[in-house]
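Pasting the structures in now, so scroll down.
Same chain, two partners: chain A is paired with chain B first, then with chain C.
Entry: the complex of A and B
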């Protein structure tokens, strides 16, 4: 059994491997799947720079006119502002809540921690539409609140929290808590130990988790649609316009949204080690 | 000091620097903005909608209407069918893909996996919109075929059909299914497959008898994720499905947007959840059979 578990045992002794018999077929399959996954994104990005409104291949020429149109559109600018506010506020709330929760989880026994963590991941599994209609009833039907951006942000925080907690839980689990013990033994108060020892060491993960929360908020559509009221964010604005027509300026809007969420997610990935 | 005494001492000390108290804000957020709303949703499904208001007279009328209304039954059946086809398509793409990058291109697997994760963050709405620009009457496929001269009239059946919904959902959900399958597959020792090959087993036979049973927990999670996400989706059928591709999500949203019959909408939502739970139970059973 030990020989079986060593993947490359004897590979130098036997250079002829059957596994490389038809790698081109495998490569073709991987390439086809990648093409299928990226095709819609490539189309949107490519046509956002097209110089004519017709969506025909090959592209006619390069132009930034659709982006210029976006910049001059007051509705888009308002929606962009709201989206940015929501993203920043979501990160500022979900970040600290998630960091605290991950620290609190460490104090629980192994079994209890698994249960609490599992419960906190539930918002990922519950369909967005169900949460959206539940929040709509809750805020207006039960609490009598008007729908607004703030109400939507409460939902964004809820949707971002599981990811922040996952990220922070991974970061905190590799932290040596004996360092905190040492700091306390040397006379540091709890706050000082947190500020000078724990926080600097988990800081990249905290930044990454906050960026991830911002990306989730920026991309969030369905809760905002149901409880955002007239406070349209970029995805909700796009939703409204897409239903009307295929308009080339939508490609520019979609590309902007895509670039923003992807960059945030990539920045987050560089700071964290969590394997989702 | 014995080792055990040292461990106990360490535990006691750990309790000094750590407490469960920091959990409270997050737990409160979950109770107020997650559990609370879901319970209210359940309660509302037993209310009555009368004269633009909701009367809290607990009864089962909404559920009777949800289950007996022919229109909703058709939509529910179509939802389950589309979600089932999408789940099968997603697994048929995600499993071989993950298997190939793990065992045939092990040196590039992390990079390829990362690329798949990138598309997971490629905005949901943007992707649906993209399929509209690809499949539409004035979309990429039709415009290109027209300009080449292969067709004289745009093919309108591409968009506004269950097929368009299925393609877009499959496209969107493959990365989500790759996640659990990938992490399950990292526990399969390549040496095990190597040994099987040396003993003369074919690649497909090895997948069925070795890889699939070992990765089944990941496959089941992937199937459940995909099925839930596909069946409860609301934006994809609305933008790509047309009249023939209406799904349950749209019917639920309608009660909230246009007719304002929230109690019926809530009952429809909970009925959908019940159907999802049953369907996923069946799916897990069938998948378990497959791995034996």
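Entry: the complex of A and C
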């Protein structure tokens, strides 16, 4: 910043603002933010491998006993099964629905498409609590369904669909539709053209969108709590246990969930152009 | 292996009164046209003239608002592209990027349930015809523009369509490659004997390749003729101007003798004491006193320095000043300013006869009466 640091500072030349010579300062700032973001997660992950139940640093030793405990806990196994069912079913419903929605959007005029797409993305900004209450009223109050995992899955699909549609819309928009003309010209009916040309070319995006839907379903809490009834999923189970006491098995449970959603999100991001 | 040739003399395509609108725009306006079996037919015109829309109607991607289209005598007006015995070579090729060259070419045959070993044999044969046999195992994404063009052609001809449709297939190639592919296309068409319908805006390409050319402008078919007829006897000023360059003069018939009309240009100016400027054309149906528009091709006009000129007695004769001389290699283009008429463009083989023709030189120009032709006066 001083004149001494300016190598060719002629009297007429305006002093150029130098980039900071203190990389340690930026490193410190970035580090502080990272610490703030990740400290709670790191603590949870670290303690999940602790060999004693007491949560204090440093760790007493490494062990997998808490994970072992989870596997032997019938409540956890049941909740895990439900969570996996919900994730798979959500992916299988939201994925194809998203493809259909994105293809349907193409048939609309530019103006109408923007409006309809905006409406489809609305659940992203609607507060989760409000959606949960609305789903409860709709399924239970209006349609008379008992609260269950099925109703919760309907909610998961609703929550995942905007992200799936966003992903698929990007993939479909960059697809070269004249390729379908070429297929038609060579003798393919509309279905054959879809099966042989369109689907193989947008398939990575479809997979990515489905994985994203699975990730969203896996750690969904509010809607499941409201309309899941007694069909407890992993997040709801964790919530129940935190209410009672913070015991070390929670760390293992949380770490498991964290790993699963992170892996799903990474796999999804590799397949799609919309990075999250 | 291929379908039987039509037993009757039905044209490959018979287009009857076809009209296609996009909103308020008449893309194709009351088109009547027969395309003969085995011919190389080109639709030629500037962009937006309706030629591509016409081709897309032949392929089945557009449906006419009015009129009918028959393929080998069978009405296909409403038939979707996958049920027509035509194949289209797209302007941007549209190769399937997730398939190899072989899979691209085989796709149409697979849809038709052609089995091995016939499948492989036909794909190899098609690739050989377009001289792309060594590309079979390449991915479609790994091809150069010229290679894509060959594969796109192979993918179409492998199906042995009744008519092959080509939508400006060479327009994305560089000049040298385009010239080479033109010759190959012509050879392939000759070898296969398939009817080709070719859309282009390149008049040289159309003249070189076609047995017959249809000229389109603003949705209308202006003239259908062989390349030579089109060049020598254009139906109107648009056709004449689009197929090659043209000099156009307005005037009035002053005299008719021995079937040759002598015409004085609109504004007669005998400024420099030279001969009276006169135009000449084969008289045909003209009578003395007619207002007439005379046209002549740049290469049919002679030019000579004013003091050396020796005009034919009944030919055209004008005096002027050379304004530009452009040397283009094999030919030289000369523009001559003549008082009272538009600048005259002349094109000559670059040789010794052009000695002394330089900027600013006073010259005589003219042409033999049968070198010129009469255009309708309302022509563009």
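Keep in mind that, in the parts below, the second predicted complex is superposed on the first by the 253 of 276 C-alpha atoms of A that agree within 3 Å, B and C clash if a C-alpha of one lies under 4 Å from a C-alpha of the other, contacts with A are read in each partner's own complex, and residues count from 1 in each chain.
One rule holds for everything that comes next: a residue touches a chain if its C-beta (ideal position, glycine included) is under 8 Å from a C-beta of that chain, and two chains touch if they have at least 3 such contacts.
Nothing here was measured: the structure is a model prediction, and the numbers come from that model.
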Under the stated touch criterion, which partner chain does A:144 make contact with: chain B (first), chain C (second), both, or neither? neither
Tell me the contact category for A:61 with respect to chain B and chain C: first, second, both or neither. neither
Just to be sure I read the superposition right, which of the two partners does A:192 touch: chain B = first, chain C = second, or both, or neither? second
With both complexes superposed on chain A, which partner does A:182 reach: first (chain B), second (chain C), both or neither? second
Between chain B (first) and chain C (second), which does A:30 come into contact with in this model arrangement: first, second, both, or neither? first
Using the superposition on chain A described above, determine whether A:134 touches chain B (first), chain C (second), both, or neither. first
With both complexes overlaid on chain A, does A:47 touch chain B (first), chain C (second), both or neither? first
Just checking: does A:74 make contact with chain B only, chain C only, both, or neither of them? Give me first, second, both or neither. neither
Which chain, chain B or chain C, ends up touching more residues of chain A in the combined arrangement? B
Examine A:155 and indicate which partner it touches, taking first as chain B and second as chain C; both and neither are also allowed. first
Taking the stated contact definition, name every residue in chain A that is touched by chain B in one complex and by chain C in the other, in rising order. 181, 184
Residue positions on chain C within touch of chain A in the complex are 59-61, 80-82, 86-88, 90, 92, 94-98, 107-108, 111-112, 155, 159
Touching residues on chain A, where the partner in the complex is chain B: 3-7, 9, 18-19, 23, 26-27, 29-30, 33-34, 36-41, 43-44, 47, 54-57, 96-98, 100-101, 103-108, 116, 119-120, 122-123, 125-131, 133-138, 141-142, 154-155, 157-158, 161, 165, 177, 180-181, 184, 190, 193, 215, 219, 221-222, 226, 235, 238-239, 242-243, 246, 250-251, 254, 257-258, 261-262, 265-266, 269, 275-276
Seen from chain B, its contact residues with chain A in the complex are 13-27, 29-30, 33-34, 36-38, 40-41, 44, 54, 93, 96-97, 100-101, 103-105, 112, 114-119, 121-134, 136, 138-140, 143-144, 146-147, 171, 174-175, 179, 183, 189-192, 194-195, 197, 225, 228-229, 231-235, 238-239, 249, 252-253, 256, 262, 265-266, 269, 272-273
Name, in rising order, each residue of chain A that touches chain C in their complex. 176, 178-179, 181-189, 192, 196-197, 200-201
